[in-house]
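There are structures below to look over.
Shared chain: chain A. Partners: chain B in the first complex, chain C in the second.
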Partner chain A sequence: MYRGREGQWAFVLHRISGVAVALFLLLHVIDISLVMFGPEGPFEAFLVFYHNWPFRVGLIAVIAAVVYHGLNGLRIIVMDFTSWGVRYQKPMWYGVLGLTAIIGVPVLWKIVPEILRGA
Partner chain B sequence: MQINVKIKRFDPEADKRPYWADYTLEARGSDRVLDVINHIKWEVDGSLAFRRSCAHGICGSDAMLINGVNRLACKVLVQDLGTKIVVEPIRGLAIKKDLIVDMEPFFDSYRAVLPYFINDDPPPPTERLQSPEERAVFDETTKCILCAACTTSCPVFWTNGSYIGPASIVNAHRFIFDSRDQGKLERLKVLNQGSGLWRCRTAYNCTEACPRDIPVTQAIEEVRREMLWRA
Partner chain C sequence: MSTAQRAKAKRPRTFDEARAMASSSSELGWWVFMRISGMLLVPLAFIHLWANNMAFNAGEIDFAYVVARLQQPGVRIFNSFLLLFAMLHGVNGLRYSIEDYVRRPERRFLWKMILFTVAGIIFIFGVMTLWAFTYEEMGSAVRALGSE
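After this line comes the complex of A and B, so read on.
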C-alpha cells in the first residue's frame, strides 16, 4: 500500500462512496419500480426484507457515503475553481470528515435503536 | 547501528516474478539510503541494479519507493526511516531489472507537451525581457528534475498508464505561463485529450512525493483554469 496522505484517502473514500451510492441508486430504482405490480406483492416484500438488520446497518453506510461524497465534492469544487483551495485541502478534508460525523449523529440516533429493537 | 533492508528484486532473464531480498548491515543514521544500497552493491551483492548519478538530488536518477513513499534515495537519511528499510522500484512503469524501470513512456509523455520555448517572432537585438512578476508566475515549475517520483506516485497513472501524468503537466505549466512563449494553445490541445489533464483526481500524492517541493497539484489546477477560462 502506498503511504499517501490526506489527499490520497480523500480520493479513495470519494471513489468508494461514489460507487457505493451508484449501486444503491440502481437497487433503489429497481425496488421502487416494483410498485408497478401494485403496492403489495414484490414491492412490499422488498420493503419488509430491507428491515433485516444488515440492510439497516447498510442504510447508515449509504447515508454516510452520500454525505461524505457531497461534502468532499464541494471541497473538490473549491480546489478546482479558486486559487487558494489547494493550499487548504487538508483542513478542508478534516472539515468534511467532521461534518460527516456530526450529520451522522442524528442518523445513528434514529436508526441504531430501531436495529436494537428489531423494528 | 544494525539495519535491515528489504529490496524488491527482479531479473527478467532469471525470475518469473519479483521477489524480496533481505540484507542486514551496519549503517550510520547520517547515511543516505543511496549510501546503503551502494554498500550492498559494492560489498554484498554486485548484481543489484539501480540508477544513480549525481547523488545530490539534482539529476533525478534515483527515485525509488522507499518505506511506502516515492523519494530520491540520495535525499533520505537512515535516521529518518529507522532500522527497517523497504525499497521498491517506482510503480506504473515496467521493471527492467531490480530498481531500474523503463522510463521511456514517462519521457514520451514529457515530450508530448512540447517542453521547450516556442516563439516564432524574429529574435530581438537584446534579450526577450520579462518582469520579475512575470517570471514568478512559473517559478516553481522550473524546478522539475524529471525524476518521475510524482507521476509514479499517482493512483490514476498506476491504473491507466496512458495518463500524461503530473510531471508532464508541470513542464507544460512552465512554458504555458511564460510571458515570452507562444506555444500555449498547442500545449493545451495536447493536455485537453482524454488521457490528459482532466484525468487528475487530486490525490496529492504527486505534491507529497516531489523531492523539489513543487506544488504539483496547484500547477495542475492552474493549467486547468487556464484551459477553462483563457484558451
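After this line comes the complex of A and C, so read on.
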C-alpha cells in the first residue's frame, strides 16, 4: 500500500476499528432510543441481552476500538498538518499502540471483575 | 517531490495534496471535516465512555439510569454534539469503505443509498430521544413505578 509495513497495519486497524465503531453507533442510537417507549417498553428487554457476558466482552472491544481509532486519528492529523509528522509516523504508531494498551489496563481492571461477578 | 507528484500516492497526506487529489470541492470539504470532527470526537467519545463504563457499571444500566441521565440538560447538549459528529464522521467513514470495496457502480450507488436512508432514520430517532421528551415526567413515572 502506501507507507511500508507499519503504515499498512495502522491503516488496516484504523479501517476495521472505524467500521466496527460506526456500526455499533447505529445499533447503539437505536437501543437508547427505545427509552422513548417508556418504562414498560422494550428497553429493559433489550438490556437483558446487552448485559449478557458475551455482549459485555464485545463492549470492551468497542472501547478498545474507539481508543485506538481516536488516537491513531490524531496521528493521521499530525502527519497531514505538520512538516515533521510523516517522518515520525512509525514511532508515533507505536506510541498509539502503547497508549491504547496503557488505557486498557484500568478499563480491564474495572470491567472484567464486573463481568465475572455476573452483573 | 512536488505536491502534484505526491498527490499521485494513494491517499492525500497534506491539505495541498488533498486539494490536488479531491475529485470535487465537496470531497475536499469532507476530508477537512473528518479531521476537525475527529479531533472533537476524541474528547466527546472518551468522556462518554468514561461516564458509562468507568464512573458507572455498564452492566447495571437500566431504564431509570438512562432517564436520570437524560433529565440533565448538560447530558442532552453533550449527547447532541456526540450524536451529530459521530453520525456524520461514522457515516462518511462507511461511505469511504463502500467506495473502496464496492466496485460495480450500480451496487455502490445502492449500498450508499441504503446507508444514507438507514443512518438518516436512526439520526432522527436519536434527536427525538434527546429532545422530544420531558424526562422529568418520565423520571417521576419511574419513581412511581418503583414505589408501587
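Criterion: the second predicted complex is superposed on the first by the 114 of 119 C-alpha atoms of A that agree within 3 Å, B and C clash if a C-alpha of one lies under 4 Å from a C-alpha of the other, contacts with A are read in each partner's own complex, and residues count from 1 in each chain.
To be clear about the criterion, a residue touches a chain if its C-beta (ideal position, glycine included) is under 8 Å from a C-beta of that chain, and two chains touch if they have at least 3 such contacts.
Keep in mind that this is a model prediction, so the values were computed, not measured.
After superposition onto chain A, the modelled positions of chain B and chain C overlap sterically.
More residues of chain A are in touch with C than with the other of chain B and chain C. In the superposed model, A:Phe81 makes contact with both chain B and chain C.
Contacts of A:Gly58 after superposition on the shared chain: neither chain B nor chain C is touched. Once chain A of one complex is fitted onto chain A of the other, the partner contacts of A:Gly104 are absent, as it touches neither chain B nor chain C. Of the two partner chains placed by superposition, only chain C is touched by A:Gly70; chain B is not.
When the two structures are aligned on the shared chain, A:Pro42 is found in touch with neither chain B nor chain C. Contact with chain C, but none with chain B, is seen for A:Val21 once the two complexes are overlaid on the shared chain. When the shared chain is aligned, chain B comes close enough to touch A:Gln8, but chain C does not. Of 6-14, 78-86 or 132-140, the segment of chain C running into chain B after the two structures are fitted on chain A is 6-14. On chain A, the surface touched by chain B in one complex and the surface touched by chain C in the other have residues 1-2, 15, 76, 79-81, 86 in common.
Residues of chain B touching chain A in their complex: 65, 67-69, 91, 153, 155, 201-205, 207-208, 215, 217-218, 221-222, 224-225.
Chain contact summary for the complex, chain A toward chain C: residues 1-2, 15, 18-19, 21-23, 25-26, 29-30, 32-33, 35-36, 38-39, 43-44, 47, 50-51, 56, 59, 63, 66-67, 70-71, 73-74, 76-77, 79-81, 86, 106-107, 110-111, 114-115, 119. Of all residues in chain C, only 9-15, 18, 35, 38-39, 41-42, 45-46, 49, 53-54, 57-64, 66-67, 70, 83, 86-87, 90-91, 93-94, 97, 118-119, 122-123, 125-126, 128-129, 132-133, 138, 141-142, 145 touch chain A in the complex they form. Of all residues in chain A, only 1-8, 10-12, 14-15, 76, 79-81, 83, 85-87, 89 touch chain B in the complex they form.
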